[in-house]
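Chain nomenclature is as follows: A, B, C and D, assigned in order of appearance, with residue numbering initiated at 1 for each chain independently.
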Amino acid sequence: MMKKLNTEVKIGTLTLKNPVMPASGAFGVEMQDAIDFNQLGAILPKSITKYPQPGNAKPRVCETTAGMINSIGIQSKGIDYFLSTIIPSFDTFEPPLIASISADSIEEFVEMSTILGNNGSVSALELNISCPNLKGDGSAFGMDKSVTNKLISEVRQVTELPLIAKLTPNVTSIQEIAIAAEKGGADALNVANTLLAMAIDVDSKRPLIGNVMGGFSGPAVKPIIVRMIYQVAQVSSLPIIGCGGIMNGRDALEMIIAGASAVQVGTASFIHPTALTDILNEIETYLIEHDIDDINELVGSVIV
Amino acid sequence: MMKKLNTEVKIGTLTLKNPVMPASGAFGVEMQDAIDFNQLGAILPKSITKYPQPGNAKPRVCETTAGMINSIGIQSKGIDYFLSTIIPSFDTFEPPLIASISADSIEEFVEMSTILGNNGSVSALELNISCPNLKGDGSAFGMDKSVTNKLISEVRQVTELPLIAKLTPNVTSIQEIAIAAEKGGADALNVANTLLAMAIDVDSKRPLIGNVMGGFSGPAVKPIIVRMIYQVAQVSSLPIIGCGGIMNGRDALEMIIAGASAVQVGTASFIHPTALTDILNEIETYLIEHDIDDINELVGSVIV
Amino acid sequence: MKQYKAPVLLNQQVSNRYWHMIVNTSMLDQSVEPGQFFQIRCADKYTPFLRRPLSVYRINEHTTEFLYLVKGKGTTEMTTIEQGDTIDLMGPLGNGFQIDSSMKTILLVARGVGVATLAAVAQAAYNKQIHCVAILSARTKEDLLAAEFLEGFGADVYKVTEEDGTSDVTNVQSIITNEIFGKYKIDCIYTCGSRRLSKLAQEMSTNYDIPGQIALEEHMGCAMGACFACVCDVMDGDVTKSVRVCIEGPVFPLRKVVIE
Amino acid sequence: MKQYKAPVLLNQQVSNRYWHMIVNTSMLDQSVEPGQFFQIRCADKYTPFLRRPLSVYRINEHTTEFLYLVKGKGTTEMTTIEQGDTIDLMGPLGNGFQIDSSMKTILLVARGVGVATLAAVAQAAYNKQIHCVAILSARTKEDLLAAEFLEGFGADVYKVTEEDGTSDVTNVQSIITNEIFGKYKIDCIYTCGSRRLSKLAQEMSTNYDIPGQIALEEHMGCAMGACFACVCDVMDGDVTKSVRVCIEGPVFPLRKVVIE
C-alpha cells in the first residue's frame, strides 16, 4: 500500500503544499504555457519597485561557464501596475502569491510592505535586500547587519504577513546577516540572491553586460549557496529557502538536506521551461525511492 | 618583419618573463614530466606551514558543475623540509621561485617570512592569508581589514622581498581588504583564493568533502574573480595577480584586461596537464593577432 | 510554446559561414508563422549555457528549417549535430509577420543572415500569390544566401555586397527609389538583419507612406516574457515604451521601433 | 606521463554494470606495467569535471584495455563513447606491481572491478611463466568478470559471490588456508578492490610470512603528485607516513598499508 507522501512545508505561518517555487525575476504569468502553475508551492513574480523603473543598459544577460550573469535592473512598472495588473493575472491560480519588494530606502520598503501587506491576494512578502544591480557598485542593504536588522524590524511593524528576507551571498559572513534578519523579525530567510560577477569579451575588451557587473546564477554557483544554507542553518532556527543553481531534483534535495525547507528555481527555467515541475516530480520520486514519508524529515539532515 | 613581443611583467621589484605561473597547491616538481618549467613566469610551490601538518580528512576533493572543491588542509612537511628539499628541487629551473606561506598567527607569518626572506633561492613571498580550510569554519585572516593590514605591515618589517598578499574572495568588500593590504606594504595582490563551498551526496546525505566545506575552484568561479579583479584595480595601484577558473588563454586575457598584470593557473592543470604552457602560447597568439607589442598595454584595458 | 526533442534530418554547411538545418517538427501542436523563432539548445552541456534564438527559415508541413550563421560558442556546437541526432528546441515563440492576402507586391530588405528570417516571408507570400521584391545584402557574394530560394518563389532579387562595393546605404537607397519604386507599387516593406538598412527602410516607409514590419534581435534569457533581458523601445504615440522582443516581438511595426 | 588523444577501438558492455574499452595506445613513448593507471577524461565537457583513474586491464603491444564499472557521472559518460571516437587520457601513471621472475606461484585476491587491475598481473605472470591462483569475489555471478581471461592464462580460479553465499570473509579465508595453501606454495599475494579482503590478505601475508602487494584507490585531483588529494597512510617502521597514491602508489607493499 502506498503511504501518503507529505511534501507540505511551512514558511512562517504560510503553508506551502510543496517546497518548489520560482525565483523572482525568472518567472512570469507568460510561463503558464510551459507549466501548470497549480503544481507550484508558491507563485513569486519579479521584484517590484514603488515607481516605474526603466532597467539597465543592454546586453542585460550573458552566459558564462555553467551559468549566466544578468543585470536587468529591476525593470518595473511600479507598485500601482503590480496591484492593478500583475496580481490579478495570477488570481485564477491556487498557490499562494509571494510579492518580492525592491526599494531604495528603508522607508520605501516600509511603505510598499504596508500597501502589499493589506492586499488580500498577497500571502507573504519577500524583501529583496540583496539586489546587486542598484547604484553603488553592487552594494546592497543586505551587506550590512545593522541595516538589515533595522530594515526588517521596521517592516515587521507594518505587516502580519510572513516576511522572507532575501539575503545576498556577497558577504563575509552570511550567518551574521541571517541572525540580524532573524532578530529583526523575519519569518524565513532566502539564501540567496545572485553573486556579483563580471565577464569581458577579450576581442572587443567590453564587458558582456551593459551595466558592467551583474548577478551570477545557474549551476556554477550552487556549491557556494549550499555552503551558505548549511552555515545559516547552524545559527538560525528560521526556515530557509534555498536558491541558486538548482537545475534538477537532486540539486533541490541537496539544498534541503543542507538545511533548506523550500527552494526557488530561476535560471533553470530558461534552459528547461518545465524545470519547476520536473524538479518537483524528481523530489517526489526520491522520497518514494528512499522511503521518506515527510519531506520535513530531510530538512537539514546532512550527516557531518 | 616580426616585431618583438614583450610579455614581461613586474610584480613589485620582481620581473617575470611572462605573466603565467602556477597557483599554489596545484603545482609540484613532479609536474616537470608534463611541462617545461623554464617556460613559466614563476615557480610557486604549495603553501608551507612552519611545522609539519597532516592535512584534512578524506575525501579531499570532489567535483561540482564546472569546478571542484578541495580541502587538502595544507598538508605540509614544514619549513625545514621546504628549505632542505623543496627549494633545491627547483634549483635547476630558471624562473624565480615564489614561496607561499600559510601560518596560524601573525607572529608565525613574520617568523617564516624572516627565514624565507633570507633564503637566496626565494624571489618573492606570497602570503596565503586566505586559506578557507583552517579551523574556525572557513574564516581567514584576509576576511578582516585590520588583521590584514597588521599582518602585512609586520611581515613588511622583516623582508625586502616582494610581498604578494593572496586575498580571499569570501568577503563583502574585496576593495577594502585590498586597500588594507596595500597600506600595509604589499607589493602585489593575488585575487583570489578559493570560494568557500560545499557539496552533499543526496543518497548518503554526507558531504562530498571529508572536512564538510572546502575551497571552490575551476571555470565556474571565474566571473566572480574577474569582477573582483576589476573592483580591486579601481581602488589599488598595486599589480594584481588574477587567479580562479582560468582554463585557457582567453580566460587569462579576460583577467588581464580586467586589471591583472599576471595570472595563476591551478585546477586547469588537473584537466589538461599542459595547461600552463598552452595558456602562455594562446596569450602570445592573441597578442600577435591583435597586433599588441607589449602585454602591459592590455592590463586593465577594459572599456566600460 | 513547448519544449521538444526533434529529429535532425539535415545539418549542412552551405557557405563559408552559414549552415542549414532541417528538423522534423511533426510533433508541434501549433502552426509556425514566418518571423517566429525557436530557442535552440545547441548542445547537451552547460557550456554553452543559454539557448540560442533562431527564426524559422522555411516552414513545411512536417519539417522546419533553420539557416544559421556560425558566430560563437553555441552555433559552433550546432555544427557538430549530425543527421539522426535530436535537437532540443522550444517554440514556436513570438509574433510573426503579418502578410495580408490583399497585398500585391512586397519588398524584403535583408542583410546577412536576416535573409533567413525573410525567406519564410517570401514563402508565405508566394502561397498567398503576393509578389516579392528582395534586396539581399551581404559581405561577400558567397554569403548571399537564399537568393535562388527566393527566386524559386518568383521573387525579383537585387544583390548587393561589400565585395562588389554595392552594399552602401546610398546605393541601396537608389536601388529602392529608382529601380524598385519605379517598377512596382510596394504594399509593405519587411526588413531584418542590419541597423543601417533598417533605418533606411524606416525612412522609406515614412517618406513614401508604405507600411513596414521589422524583425528585431536581442540577447535573450528566458524567451518567455519573464526576465526582461530582451527589451527594446517602441514609440507608443509620442512616448517610448519598453517592449520584450521575445514575446511582444520579434516582429514590430517598422515605423514604431526606436532603432538605436 | 603525457596526455594523449587515443583512438577507441572498442567500447562494449560486458555485463550489467561493466564495460570493456580498447584504445590504440601505439603513440605511448613508454611501456605500461600492470597496476599502473591512466587518468581518463570521460567527456569533452566541464561536467563531469575531473578525470577518472582507471588501471590497465590488459596491456598489448599497440593497445591498452580497460574494464570499468559504471558507477557515477564520469563512467556513465564513458559508455557513450563509440568506436572511432578518440579518448583523452593521461598516463601511464603510478608505480605498477612487481612481478619477480623467480616466483613460481602467486595468489590474486580480487573483489569486483579489482579484477581489472589484477588481470594485468595474471597476464604478465603468464609471460614470465609464473602460475596464478585467483580468488574472484563479486556480488553476482554475472559480475564475476575476467574469470575466463585469467583461466586463459592458466590460472586456477576460485569464484565467490553474495548470490551463492560464498563471498564472506570466513569462507574466503578457509579457501585460502585449506585449499590453496594446501595445494600451492604461494610466493606473493596480490590484492585489489575490497577493504575486507585486503585486510584478510594482509593477515595471511603476515601470518604465513608471504610477501604481498596491494593496489589502492583514492579520489584524485591532479594524479601527478602535486595536490595531496589522494593520500593514504603506510607504516614506515613504527611510524605512519602519509603517501600519495597517484605517484607513490597505487601499488604498495601489502603489509605496510594502513587499511582504514
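Keep this in mind: a contact is a pair of C-beta atoms (placed from the backbone, for glycine too) under 8 Å apart; a residue touches a chain by one contact, two chains touch by 3 or more.
Since the model is a prediction, treat every value here as computed from it, not as a measurement.
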Please indicate which chain is farthest from chain D, where distance is taken between mean Cα coordinates of the chains.
C
Centroid spacing, where centroids are CA-atom means, of chain A and chain D in whole angstrom
48
Quick one: report the Å distance separating chain C from chain D, using the average Cα coordinate of each chain.
58
Measure off the straight-line distance from the CA centroid of chain A to the CA centroid of chain C, and report it in whole Å.
36
Interface hub residues of chain B, defined as touching at least two other chains:
64-67, 219-220
Mark out which residues of chain D touch at least two other chains, giving numbers and ranges.
46-47
In graph terms, nodes being chains and edges touches, is this line, ring, star, complete or other?
complete
Touching residues on chain B, where the partner in the complex is chain A:
64-67, 69, 137-138, 143, 170-172, 195-200, 202-207, 212-213, 216, 219-224, 226-227, 230-231, 245, 247, 250, 253-254, 257-258, 286, 290, 301-304
Which residues, counting only chain D, touch chain B once they are in their complex?
1-3, 41, 46-51, 90, 218-231, 242, 247
For the complex, give me every residue of chain D touching chain A.
46-47
In their shared complex, chain D is touched by residues of chain B numbered 25-28, 30-31, 33-34, 46, 54-55, 58-68, 70, 72, 75, 218-220, 269-274
Once bound in the complex, which stretches of chain A touch chain D?
65-66, 219
